[in-house]
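Each of the next two complexes has subunit A plus one other chain: subunit B in the first, subunit C in the second.
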Partner chain A sequence: MRIETVEQVQDLTRGAVLLGTGGGGDPYIGELLLRQELREGRCAEVIHPEDLADDALVVCVAGIGAPTVLIEHLQAKDVCQALLRTLEKHLGRSVDAIIPAEVGGLNSVIPLALGAQIGLPVVNADGMGRAFPHIDMVTYSVYGCPAYPMVLANELGDCVIIEGATSDRKVEDIARAVTGALGAMTYGALYPMSGRDVKDKAIHGSISYSLSIGESIRQARQHSADPVAALLDTLHRPDLQRHARLLFDGKVLDVKRETRDGWHFAKVEMTGLRNPDVHFTIELQNEYLRALHNEKTVCIVPDLIAALDRETAEPLTGERLKYGQRLKIIGVSADPIMRRDECLEVFGPKAFGFKEPFAPLETL
Partner chain B sequence: MNPERDTALRIGIDVGGTNTDAVLMDGNRVLASSKQATSADVSSGVIAAIEAVLREHRDHRHRVRAVMVGTTHFVNAIVQRRSLRAVTALRIGLPMGSAIPPMIDWPEELREIVSGNCILVAGGAYYTGQEYTELDEQAIRDAARALEQNARPAIAVSSVFAPIRPDLEHRAAEIIRRERPDALITLSHEIGGLGLIERENSAILNASLCALADAMVDGLEAAIASCDLNADLYVSHNDGTLMDGAQVRRYPVFACAAGPTNSIRGAAFLTGKEDAIVVDVGGTTTDVGMLIKGLARETSTAIELGGVKTNFAMPDVLSIALGGGTCIQAEDDQELSLQTQSVGFRLQEEARVFGGTTLTATDLAVALGWMDVGDAEQVRDLSENQLERFASESQSRVADAVDQVKLSASDVPVIAVGGGAPLVRDTLPGASEVLQPEFGGVANAIGAAIAQVGGRVKRLFDYQALGGRDAAIALARKEAEENAVKAGAVRETLTVVEIEEFPMPYMESAAVDLRVRVVGNLDLAEAR
Partner chain C sequence: MRIETVEQVQDLTRGAVLLGTGGGGDPYIGELLLRQELREGRCAEVIHPEDLADDALVVCVAGIGAPTVLIEHLQAKDVCQALLRTLEKHLGRSVDAIIPAEVGGLNSVIPLALGAQIGLPVVNADGMGRAFPHIDMVTYSVYGCPAYPMVLANELGDCVIIEGATSDRKVEDIARAVTGALGAMTYGALYPMSGRDVKDKAIHGSISYSLSIGESIRQARQHSADPVAALLDTLHRPDLQRHARLLFDGKVLDVKRETRDGWHFAKVEMTGLRNPDVHFTIELQNEYLRALHNEKTVCIVPDLIAALDRETAEPLTGERLKYGQRLKIIGVSADPIMRRDECLEVFGPKAFGFKEPFAPLETL
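Right, the complex of A and B next:
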């Protein structure tokens, strides 16, 4: 598969906002990066995990830092390429393919822009099938691939190699500290893995999944169909153990926000358009984590929650929610891998401070 | 006339797409108003508007000290891609940003007209304000020397984190001016806030409007002179304050969205309300905006202008397809629906009550007794059912829009203005009261006439380095006040109308994107 048209890029970034479940950083800058590659006559080649040799070297490439800084710094042409070269020198072998850490938000697009730029294939897979705030919240880490050696650099030539760490969470702590010292926005090459690892441990089909989301919304709009219904049709595939449903149709009554320690906490209160007696709540911590209908949980992390404009199905990030918006809230099941016990340990409800255990969307 | 009341008069003019409205005001009193079709040439329309409001007040001509004009001219130029100038976009940022050069997501046809050249040079700062590399002054000099020789070159300068380090853009301007004293230079930090792409886009659009702005100000000043007025020209800013001729020449992009703001401010003035929802019902659309502490609420997200993402302050207005000219489809005596199309400015010919054949919202309003225009006999055939359907459908549309614009669920006062104001009824759901002020039809011209002078600051402040939140806000406020005084405000009348803080997410830091805005009265005594 190739990402070679502006339409595909737009489908993909719209899908990335939805899979970002309210956070993940606006992929707009990523969209511009990829569009510039297309403009210069290059395109991104996306390969299936099964196309990788077992001993292929695959790495994640991601932006790390504050979105507020990214929208000023944008990106230098060669920063991600230089990362790869440094990692290759360190490992003494060349990288065969790039893989996204997350398919939600900005970091889903950065690997594609890099792949297009240097002609390296991008694996149609990722480590979470959505967006999460920490480096260690990926299936790669859960199943034993360490995030290090990791190369971290800014655009000015400041570069750090994290050779080892006591845990992947520690890699995150180090990376955050370094990022702070390097102007609050850096790029990292991390999770060097084998092709075998990707086949066994990654979530497959993430990029095409994201594309299909944007595509179904776009096509429904073009044909004046209901884009939310079309989207649910695309996402709800019980035969593939994928579930999706409309959780709520209503309007935003209130958004309580708080920012502390680099986290955006918020509680979104909603009610019915005609029936003011129903209550719907979305709790977010950078990403949407839990949705409650009349105080009863109807969707909880790692299952995905998306807030869509009720007419256009445009997915909205948490920062954009405000009083009066008419929204349809949908729940989408996480990939079956993400729902395993060992994964839930790392990014299940408990990891975000919820007392209740995970329950699959389709049982709630 | 009482000699004590021989004070300065103002004329407010709103040049809209369809109508040019004007008012003559003495302090807070409306002496005269007029509404006429907009002319193709702005100057002659303005002359006609001035003469119309002075017709009954010939003796007061000498007392007119200020003419305030709100115009859609600049936004039309962008949307219709005409009268725009080629611009050189100079970005200070390398090595940052090279992967995303300027204007890459502009609509193709607009980029072809506007983009003279894009040049990236080294320089720029971190969010802390510290420079990450030295400014490449030689590259700027070279760029200036390469500017077109035949005409005054327009150049837009942007720089990474310019809201925190505006001096880098100023330095670049200095270098350019030394090479080309005639250059029309726009600096991005003077136009937009954080977000390099949107700020740079805004600066480029501004630069592309400079030639048009010169022609426009020259034309308006000549119009005022030809009316034999000893008055200064002011043009409405998007935020409802005033710009003098020199400011408009430099910042034409700030005059793009003044119309809705003027309506909201005019509605506030006519009712004495400080907080309300303003519903401006025109011929084709209804604009719903919010009045907060006497000012129009501004958007907090990027706004597209002619397909280009920008981030300068604009009124936050929701437009819905409902107006006096809205076409109504009546199938039989039960079915009736509101269309999105409108007869627009042809209302006077096409509506049934005016002898036309198209059923419009105005016809239904006449049949319901909400309006008294034209010939009511022409709409006698409408059934009770149809009238009821229209009444409930039109009110629910307005109520829905009002609900989306307000900030919380509680009922708020609603002020209906514009030619179609009677389409908003007292029983509007979600409204604590519905006000229909006298002169509401020319609220936009009144908004222009009563405008104040503002000053603003919008950039990152490091609360820790500045000694805490209070100290940082005090500093920002002082800067905003100085800006307002420079723009012609009376210092004693300045008040803070907005303090907004946006901490940086995903990063532990004391840097806060702080926005402070002040306004004060225009110093008419200072008028030249």
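Right, the complex of A and C next:
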């Protein structure tokens, strides 16, 4: 598959916002970078995990830190290219393909822009099936691929290699600290892994999943159909153990925000359009983590929550929610691999401070 | 020369406290590490810069961060050995000798303990001729040897390589941030340089200088001579452009301390033993930076200030100064290389926020 048209890029970006579940960084800059590649006659080649040789070297490339600063760092692709070269020199071999760390948010688009620029294929897979705030919250880590050696750099030429660490969480801590010293935003090449690892440990089909989300919204709009209904049709695939449903249809009453310890915490209060007695709440810590209908949990991390404009199905990031918006909130089940016990340990409700255990969306 | 007796180690440590000019971290732990080597039958071999081949690979090894935490990190030598191995692998060649970054404080002794343990010679030279708080405040950096590639590690196995940086000050910023993430204290291998670099850019004879300080104090005590006078005799060598003199003889009236932005700031107020009308002040930011006699500067950084017990000439670090102590304060001129304009830019008065320019001790 190739990403070669502006329409594809827009579909993909819209899918990435939805899969970002409120966070992940707005992929808009990534979209600009990728569109620039198309204008210059290059395109992103997307390959299936099964196309990789077992001993291929595959690596994640991602932006780390505050996406708000990204707009000041437009040499993103040059930095990422330098990262790969440094990692290749350190490992003594060439990188064969790039893989996204997350399919939600900005970091789903950066690997494609980089791949287009330097002619490396991008694997149709990722490690989250959504966005998460920590680089250790990926299936790669859960199933034993270390995040290191990780190369981190900014556009000025400062460059750090995390050579070894006691855990991937420690890699995260170090990367965060280095990012602070290097100006709030860096790029990283991390999780060097084999083609075999990708086949066994990644979430497959993420990029095409993201594309299909944007496609279904676009096509419904073109045919004057209900785009939210069309989207749910696309996402609800019980045959693939993927469920999706409308959690709420209402308006935003209040958004309480707090920025604390480097996180964006918020509580979104909603009520019915005509029935003011129903209460709906979304709690977020960078990403939407839990939705409650009249105080009862109806969707919880790692299952996905998306806030959509109720007319256009445009997915909205957490920082764009505000009083008076009319939204449809949908829940989408995470990839089955993400719901396994060992994964829930790392990015289930407990990892975000919730006391209640995970329960699948379709049972709530 | 070999460091092979406990007496030598004690002389060296006492010299290191004096050359630490109030800071640099108490070398006591370093002394313990080195004495352990002697007990186990090993000794530290100290070589002259001229003994190095021009293309020898020489590297600094130093503790970074809060020396107060060091006592919890007693595997120092194992960590340092791993550091060197990582650097060797990264550079693709063996290290031929170790060189201290600073001859004052803890970091003057650690290279000797490591050298004894792994059988690598230590160069009789350093980059400060004293202690300074930043890793970029060395003659190596002033004369164009970059601090990177620098390897940083803790005793748990976390390991980071600073592969490139826009300046050695940026290396310092990154190393500080990583040290914070790795538990307040790390060890670093940095300033990989050639034998030629050491000959041209280092301060020569630092270790023997430090030894001679401890020796002269010890011998004066053994012979019931005045140890401060003996010390000044040793240090005052106008033929080598090194000057030393008694700046003040008095008692401590007050020590105002402030810990701010990770620094230990203090102002030590003294007066005469019999004449309460004279005022003497020492200002410190980790190290003693400026001494004033009745408001007139009598010694300023990079020239060295040392606070000595007035009876025993025991040199005291800044955190040990307190009300009522009877002290002799001496000034010692920095190595001539340290007083050049390009060096004063990096670690002269201006670098520490003083408005007055540097003036040599012997002219004040």
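To be clear about the criterion, the second predicted complex is superposed on the first by the 362 of 364 C-alpha atoms of A that agree within 3 Å, B and C clash if a C-alpha of one lies under 4 Å from a C-alpha of the other, contacts with A are read in each partner's own complex, and residues count from 1 in each chain.
As a working rule, contacts are C-beta pairs under 8 Å (C-beta built on N, C-alpha and C of every residue); 3 or more make two chains touch, one makes a residue touch a chain.
Here the structure is a predicted model, which means the values were calculated and not measured.
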Subunit B versus subunit C as contact partner of A:165, first or second or both or neither: second
Which of subunit B and subunit C A:77 touches, first, second, both or neither: first
Which superposed partner A:286 touches (first subunit B, second subunit C, both, neither): first
Partner chain in contact with A:254 - subunit B first, subunit C second, else both or neither: first
Winner by number of subunit A residues touched, once subunit B and subunit C are compared: B
Partner chain in contact with A:180 - subunit B first, subunit C second, else both or neither: both
Which superposed partner A:156 touches (first subunit B, second subunit C, both, neither): both
Touching both subunit B and subunit C, residues of subunit A: 156, 180
Residue ranges of subunit B touching subunit A (in the complex, touch as defined): 93-101, 104-105, 126-128, 132-133, 160-161, 194-197, 301, 403-409, 503-509, 513
Residue ranges of subunit A in contact with subunit B within the complex: 25, 29, 31-33, 35-36, 39, 65-69, 71-79, 113, 133, 155-156, 179-180, 183-184, 251, 253-254, 259, 261-264, 286, 319-320, 323-326
For the subunit C and subunit A complex, residues of the former touching the latter: 86, 90, 151, 153, 156-166, 170, 173-174, 176-178, 180-182
